[in-house]
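Here is the structure we will look at.
Naming follows writing order (A, B, C and D), and every chain is counted from residue 1.
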Amino acid sequence: MDVSATGVLLLSCPDQRGVVAAVAEFIAAHGGNIVHAEQHTDDVERVFFQRVEFELDGFSLDRREILSAFASVSEKFSMNVQLRFTDHLPRVAILASKQSHCLFDLLSRWRSGELPADIVTVVDNHPDHADLVQHMGVPYVHLPVTPETKSHQELAVLETLNNNQVDLVILARYMQILSPLLVDAYQSRIINIHHSFLPAFIGANPYRQAHDRGVKIIGATAHYVTEELDEGPILDQEVARVSHRDSVADLTRKGRDLETIVLARAVRAHLEHRVLVYGRKTVVFS
Amino acid sequence: MDVSATGVLLLSCPDQRGVVAAVAEFIAAHGGNIVHAEQHTDDVERVFFQRVEFELDGFSLDRREILSAFASVSEKFSMNVQLRFTDHLPRVAILASKQSHCLFDLLSRWRSGELPADIVTVVDNHPDHADLVQHMGVPYVHLPVTPETKSHQELAVLETLNNNQVDLVILARYMQILSPLLVDAYQSRIINIHHSFLPAFIGANPYRQAHDRGVKIIGATAHYVTEELDEGPILDQEVARVSHRDSVADLTRKGRDLETIVLARAVRAHLEHRVLVYGRKTVVFS
Amino acid sequence: MDVSATGVLLLSCPDQRGVVAAVAEFIAAHGGNIVHAEQHTDDVERVFFQRVEFELDGFSLDRREILSAFASVSEKFSMNVQLRFTDHLPRVAILASKQSHCLFDLLSRWRSGELPADIVTVVDNHPDHADLVQHMGVPYVHLPVTPETKSHQELAVLETLNNNQVDLVILARYMQILSPLLVDAYQSRIINIHHSFLPAFIGANPYRQAHDRGVKIIGATAHYVTEELDEGPILDQEVARVSHRDSVADLTRKGRDLETIVLARAVRAHLEHRVLVYGRKTVVFS
Amino acid sequence: MDVSATGVLLLSCPDQRGVVAAVAEFIAAHGGNIVHAEQHTDDVERVFFQRVEFELDGFSLDRREILSAFASVSEKFSMNVQLRFTDHLPRVAILASKQSHCLFDLLSRWRSGELPADIVTVVDNHPDHADLVQHMGVPYVHLPVTPETKSHQELAVLETLNNNQVDLVILARYMQILSPLLVDAYQSRIINIHHSFLPAFIGANPYRQAHDRGVKIIGATAHYVTEELDEGPILDQEVARVSHRDSVADLTRKGRDLETIVLARAVRAHLEHRVLVYGRKTVVFS
C-alpha cells in the first residue's frame, strides 16, 4: 500500500442535524485523519453533500470493511455513499474522431503525471491518430463508422469498453451521438466536451451558430452524457472573448483551446473523486 | 469650437478596391489629419466597414459642407455614411424600473466625466429613485405602469423622448417590453441590458434558469433592442464564474456587477461612435 | 433574536488528528446544526484552518457561554478562536480622498442590502463628497490634511474611529499612508485597495508604471494594511486586458472598475467572517 | 505564387499629416487591394505605427520592386519599413529543456496548420524529447549543457540557428539565460515565456514566489528577449485565479496551461507579422 494513499467518501443525504459530526466521529474512532473535507447543502432541495478524504495509513479498518462498518452511519442518515481510494487509478477510455487536440492534450497530461488514471484504450473512428497514440504507449482500436454500420460499430465500442473494464469514458470531440444502450451502461461515467457555452448553441456547428448570432464571447462545456443531447449535468465551462473580426475558422481555432482546457479540468475533477451528480446538476468540490 | 474636437466617419459599402485610399485622400486633400482609423471586411458578406476619426482643427471644410463634399467618394463606392462630431454630446435618456444598480452606475460615470453625453432625462416606472436622480442634477420623470395603462404609459415615454430630442435610449434594467412603435422610432438607438449570456436564457428570470441548468458561468449581454425579444444585435457581453454554492440570490448579486459593467461599456462604445450595425450583428471598433 | 442568525467559529491550530470530529461533536452535543463548514490545511506549515457556521436557533448554549464551553476543545488542540454572530453587524468606517468610485460603490451596495454591516462614518480628506454621503444617510466627517497637519489629522481620524467603535476600516482610495499608530490599533481590520496587480507596481502611480512597462493586463489588489507599504496579506485581486491603444488615462478608467469590484468582494468576505490571516497570507473561505 | 498570398507592410514614423493617405494611394496606384489595415498613434511619443496587408494578386509591382518603389513614400515620412509576404513561411527554431508542455503544444499546433511557419529545428538541452520530436518529423539536435560547457554549448546553439537560417527563436521553457552574443544576433526575434505575470516575480522560481506572497491570481508572460533578464518587450500575458488551497505544485500545474496558451498566442502574432517593437514595448495589431 502506498502510505500516502487516502480514502474518499462521497456522500449525499437529506439535510439533517448531526451528519457532519457523525461522519467525523466515524473517521476519528478508527484512527483516521481527515486531510480534506468539504460540504454543501442545497437549501432548496434540502440535500446535504459531502466529500471527506482521510489517510488510510493508521486507519484501523481494512479497506474492504469500511463500507459495512460505515453502514451504521449511512443508514441512520439515509445516505448515498461512494468510497474511493486514491491509489486505485480509474481505468479510462478515450473516444476520438478526426480532431486530435483534446485527445493529444489528455495523453500529454497523462504522460506528465497530471491525470491520476490508467488510460487503457483509445477508440478512434478515424485512422489518423493510430501512430501517435501507439507511440505514447496506449492501446489503439480503430472502429470506423458509417451511417450503415453505426449500430454495429457502437456494439464494438461497448464491447471494447467492457473488455477493458473501463471506469470512465471521455468523448474527446467524438462526433457520434451515443445510443441509450451505451449511455445507460456508463451513467455519470461518460464525459463529453461540447464546443459551445451550453445551453447556448445546442446541436451541430455551434461555432457557426455563434458567428451568425454575433456573440462577443464563445465557450466550451464539459458535461456528463445523458440520453438528451447536450442536456447532461455540466461539470465545467470556459469562455473566451471574440469580436466581429473573428471568422468561423477563428472561432473554431480559439475554441479548441477552450475545449482542451475545460475537458482536462472536468476529467481531473472526476478522477479526483470531487464530483457528485444530482438531477441534472453537479456538485464539484475544490 | 473645441480645437481638439474631431470628426468621425462611420462607413460601410460593398468591399472593393481603392476605398481606403479614396477616404484617406479625401481627408488629406482638405488638410485633415487622421487620428484613428480602423476597418473591417466581412469576407462572407463582402461588406467593408470603416471608422475614420480626423482632426477638425485645420480642416478646410465647414462641418456642414463635409457630407456633400464627400458625396463624390460615397456615391462612387455606394457607401452608407454617418458623420459625427465629438464635441456634439449625444442626448441620452435612461429608462429605469425598481433595480437601481445600472441607473446609478451610469449616473456616477457620467458625473465623473467618463461618458461623453448629456443625460437629459431619467424616466422611471417606480418612484424610488426620484430623490437621488434629482440630487445628481438630472430631470426625473415618474411614469408608473400597470397592465391596464401600459399603452398609455408608453406613449408618454415616447413623448418624453421626443420632447427631449433624445439620441440614445438606455434601458437600465427597465422591466417592460417595448412596443414596435417605440422600437421603430429609435432603431439602433435603444440599448438594453439582458441579465444572461445570450442566446442562453432568453426571456424571464434568466438567473433562475441558469441555476436550474447548473451552469458554471453566468453572463450579461448588452444589445440593441429590436422587435424580437432578446434577439437584437449584441454590443458586448461579460461573464463570471459561479459554482454549486451559488443560490439564485447569489447569481443575481454577482450578475448585477456584470450588468453594470457591460452596459457601461456598450453605452460608451455607442457614444464614442465606434459601433456599426449590420443585420443582427455589430462591428464594434476599438 | 433573529431566528435565522448563525454563529461562526473561525479556528486555526497545529494540524492534528481528530480536530474536525471534536469541533463537529461540540456543535452537535449542544443541539446545533452546521450549515456550512470549510477547512484548509497548510501542508507546508502544518497549520489547520476551519470556518464552521451553525444555527443559533435550537442551540442549547447562550451566546455568552459558547467560548468558555468550547475551551475544552480549543485548549486541547491549542486553537486560535474567533466567534462571530451574523446578526451582529460589524461597524464600518470608510476613509476617502478625492476619487469617489469606491466610496459610492460601497455605499450603493450597502443601501441595496448587499453588505452585512453598519456604515457608521465616512471620513474624507477632500470636501467634495459631503453632499452625496449625507444624502445617503451616513454621518460624514471632513478631516482635511496637509503635509504640516498630517500627524494631527491622523489623530483626529483615529479618534473618530475609536469614538464610533469601528470594527473595520476601509480605505476607499484614501491617498494617505497610515502611521504605525493607526495600523497597529486596527491590525487585520484595515482593508486597502491598491490600483495594481501586486506585487507588480508597488508605490505611487501604478497605472503610469504599467503603461511604461507595456503590460497587456492590469490589475487591482485588496489587502489588509500592515506597516510595510503594499505588503499586507492579499484578500482578492482582479485583472483586465489592455493593449497598446490604452493611454494612462484609459488604464486609470479601466482600473476603476477593477478597484470597485475587488474592494467590494474583499470587504464582503471580511464582513461575512470568511477570512483568516496568517503571516502575510490569507485563507478566504468560499 | 499562391494567388491568395498577401504582402504586409509594417511601418513606423514620426506622426504627421497625410501618412495614411500616402500609403493607401501607393497601394491603390499599383492596383493593390488592402485587405486589412490597422494603425496606432502613440500620442506621448508622437510616433505613428501601421500594418497594411494587401493582395499580391493583381498588384502591378514585382515583389522585389516594392520596397524601392515605396521609397518615395517611406523617405518622405522618415519611415521604418518592414515588408513581409504571407506565403513565405518564417523559419523557426524551438529551444527546449526538461519541461515539454510548450514544446509539444507548439508542435501540435504546427502540425494542425495553426502556425504559419516552418519549424526547422528543435534544440534540446535534455535528451527526453528526441523521440517524439523526430516522430513529428522535425529535425532534433541534442545540445546538453553544464556550467562548465555553457559557453561552448551556446556557440553550438548559435551555429545551429545560423546554419538553419532561422527567422524566429522560441524559448519553450528553455532554462538557460542567453548571452548577449545570441541575444544581439536575434534582436526582437527571440520569444521567451516567463512563468509569472511580469513584472511581478522576476527571476527564478516565480511560482514559489507567488505562493509565498499569497497572490490570488497567477500569470504567464511572453516577451522578446533582451539583455536585461525578464525586462524585454511584452507580447502577451494571461492569468488564472488561484486560492489558499493551491500548493506550489498546483500553481505550477495551473501555470503550465497559461504558459502554453500565451506562448502560442505570442508566436502566432509574430508569425502573422502583427507585432512592432518600440523601446521596451510592443504594438500588437489584431
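Here is the rule we use: a contact is a pair of C-beta atoms (placed from the backbone, for glycine too) under 8 Å apart; a residue touches a chain by one contact, two chains touch by 3 or more.
A quick note: this is a predicted structure, and the numbers were derived from the prediction, not measured.
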item	value
Number of hops, chain B to chain D, where each hop joins two touching chains	1
Pair with more cross-chain C-beta pairs in contact, given C-D and A-C	C-D
Furthest chain, CA centroid comparison against chain D	C
Distance between chain centroids, defined by C-alpha means - chain A, chain C (Å)	37
Whole-Å gap between the CA centroids of chain C and chain D	42
Contacts with two or more other chains, residues of chain C listed in rising order	243, 245, 286
Chain B residues touching chain D - in the complex, by the definition given at the top	17-18, 20-25, 27-28, 31-39, 41, 241, 286
Contact footprint of chain C on chain D as seen in their complex	40, 42-44, 197-201, 213-217, 219, 233-239, 243-245, 247, 280-284
Chain C-touching residues of chain B, taken from the complex the two chains share	100-101, 104, 108, 112, 114, 131-132, 135, 243, 245, 253, 257, 261, 286
